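What follows are several structures.
Here come two complexes built around chain A, the first alongside chain B, the second alongside chain C.
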Partner chain A sequence: MHGMDRNRRGGWLLLALALVAALGLTVCALGLREGEAHLLFGGVVLVAIAVAGQLQRVAERPGRDGGTPSLSERASWQHVGVGMAAILVLGGLSLGSMQGRFSSWLFFFAYVLIVAFYPQFRTRFIEANLRHRDLAGDERDHVLRAQGDRVAKRVLELALVATAVAWVAMPGLSAPSAEPVRVASLLLSLVLVANVVGEARVAWLYWRDRQ
Partner chain B sequence: MTGTPIANDIRRLRFEHGEMTQQVLADACRVTRQTIIALEAGRYAPSLELAFRIARAFGVGVEDVFRWEGG
Partner chain C sequence: MQTRPWQVAGLAAIALPALWLLLAGPERALGVDSGNAGMVLLVTAAWTSLLALSRLPRGEAERKIAPAEWKAWIGTGFMLVAMVFLATRAELFLGPSADRHTAQGVVRSLVMLLVAWAVLSRVVAARWAGAVDEDERDREIALRASGHGRNALVMAGIALAVSLGFSPPDRLAWATHLGIANLLVFGLMLGWLVEYAATALMYVTDRRR
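Moving on, here comes the complex of A and B:
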């Protein structure tokens, strides 16, 4: 009975992911036709979210030893998804989506909270899902997280350098995007991209250890 | 974390100790079951503290559980 429920849930999730991917491709096509960078970006991120969702479904299957994902592993996948959704909005803002509107500032400040309290959200997710005999984390979790943090730090450094170089080398590209909310959104997007890459690295390390 | 030079006999010791489950060992050592799985598969080298905890759970010395197999 539980198996049937799980299969039905899996089927609905797959359908939802396929719809997100289809929506992403449609938005991409629209962005290309209209020549709107933020639409093209949004479409690409939606497709990436669908791909990440499918990867998570595959990765959370029991491993060779029957090992199911730990709460920390599931938290990493959860945060890849949340991070990508935030990149969708903030990246869009930095490319001119909702330009000049009050809503752009509203979204920006809403996502400031996500970026600022990212580690706390992770801890909260794990604590909320703790069951009998589950542990919030152990030394191996800390080792894997440290590897993810190293990757995230490096990605953030490279992204900031690339942005700085682009800003100086291509003044024509950067001039129209000098609106404060766009610059601020770009900076937050870079932090989120680094965090998502770091979490994806951690999720992959967990998955590899269970194979 | 693949290819650690530290091999171990955790699986054998579990079976010699009344077929102790991975979860029971994990609880005794205050780690997750996933960490025990990773240790048994040789994909994770434990800290000195965890190595002692595991040896203590079996009532043996650390060298009876872990051995160096690097060059």
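Moving on, here comes the complex of A and C:
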């Protein structure tokens, strides 16, 4: 009975992911036709979200010894999804969607909070799903998390250096003071990209460990 | 072999003018760019102290101080000087009247400093090559310090983004691409400084326990 329920839920999830991918491709096509970078970016991120969702479905299957994903592994996947959704909005803002509108400030304010409290969401997710006598994290969790954090730090450093070099090398860009929210959103997007890469690395390490 | 007072005085005679030239000196001293001259003197001081260190026998005191702690202290010193150097030249980068040519000279000096730091840290690593130089405690400290460094870097990024996002446009005259690029580099150095300083402090605290 439980198996049938799981299969049915998996089928619906697959359909939802296919719809997200189709929407992404449509937005990409629109972006190409209109020559709008933020639409193209949004479409690419939607497709990436669909791909990540499918990868999560595959990765969360029981391993060879029947081991199911731990809470920490599921938290990593959840963070990849949340981070990509945030990148979709902030990346779009930095490329000029919602230009000059008040909503861009509201979105920016909301996503500042998401970026600032990103690690706390993870802890909250794990604590909320802990069952009686479960531990929040063991030695293996700490080792895998440390590797992910190291990758995230390196990615953020490289992204900041690349952005700084690009801005110095291209003096012809319009002044940031004219569209400050765009530049600010770009900076937050870089932090989020680094977080997502780090979480993806952790999720992959968990998966490999279970195989 | 003991360190003699004249050696310390000699080192100070090189390091102090270097710091003066870098942080508070005139733009040009004796017809030479003071930033470059200060950088050369500072690197000379660092090399001299490293040479003195390498000639010391591997005594009890040295065995107590882990290679990672030496590296952390050197990194802290270099990052501190580099950050203060960049901060004292901030008016060259920020604002619409930023002088691109002068700013490039400062960036050149800064890059020299960072390259010199990278070379020095390699030399320190080579000095302990072949010895078992990392244990469980070192890894634990490195992990925690790296976390502090990453948090500092993320906080610097968020602070810059919030300043840009929530400041009225008439107060953002400083926000040129050149200025923000240099603030990003400053944030990066802050992250490294926090990481090195946290490492060094954790070793000191651990030794005193």
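Simple rule for what comes next: the second predicted complex is superposed on the first by the 203 of 211 C-alpha atoms of A that agree within 3 Å, B and C clash if a C-alpha of one lies under 4 Å from a C-alpha of the other, contacts with A are read in each partner's own complex, and residues count from 1 in each chain.
Operating definition for what follows: a contact is a pair of C-beta atoms (placed from the backbone, for glycine too) under 8 Å apart; a residue touches a chain by one contact, two chains touch by 3 or more.
Treat the numbers as computed from the prediction; the structure is a model and nothing was measured.
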- Task: Answer with clash or fit: chain B and chain C placed together on chain A by superposition.
- Result: fit
- Task: Answer with first, second, both or neither: which of chain B and chain C does A:Val161 touch in the superposed model?
- Result: second
- May I ask you to decide whether A:Asp209 touches chain B, chain C, both, or neither, giving the answer as first, second, both or neither? first
- Task: After the superposition, just quote the angle formed at chain A by chain B and chain C, using C-alpha centres and rounding to the nearest 10°.
- Result: 80
- Return first, second, both or neither, reflecting whether A:Arg140 touches chain B, chain C, both chains, or no partner chain. first
- Query: Between chain B and chain C, what is the tightest CA to CA spacing in Å in the combined model?
  - Reply: 8
- Would you tell me the residues on chain A in contact with chain B in one complex that are also in contact with chain C in the other? none
- Message: Going by the contact rule set out above, which residues of chain A touch chain C in the complex?
- Response: 105, 108-109, 112, 115-116, 146, 149-150, 152-153, 156-157, 160-161, 163-165, 167-168, 170-171, 173, 175-178, 180-181, 183-185, 187-188, 190-191
- Query: Mind pulling up the chain B residues that touch chain A in the complex?
  - Reply: 1-2, 23, 27, 30-35, 37-38, 40-41, 43-44, 46-47, 49-50
- Message: Touching residues of chain A toward chain B in the complex: what are they?
- Response: 63, 65, 67, 69-70, 72-73, 133-135, 137-141, 143-144, 205-206, 208-210
- Query: For chain C, which residues are in contact with chain A within the complex?
  - Reply: 96, 100, 107, 143, 146-147, 149-150, 153-154, 157-158, 160-162, 164-167, 169, 172-173, 175-178, 180-182, 184-185, 187-188, 191
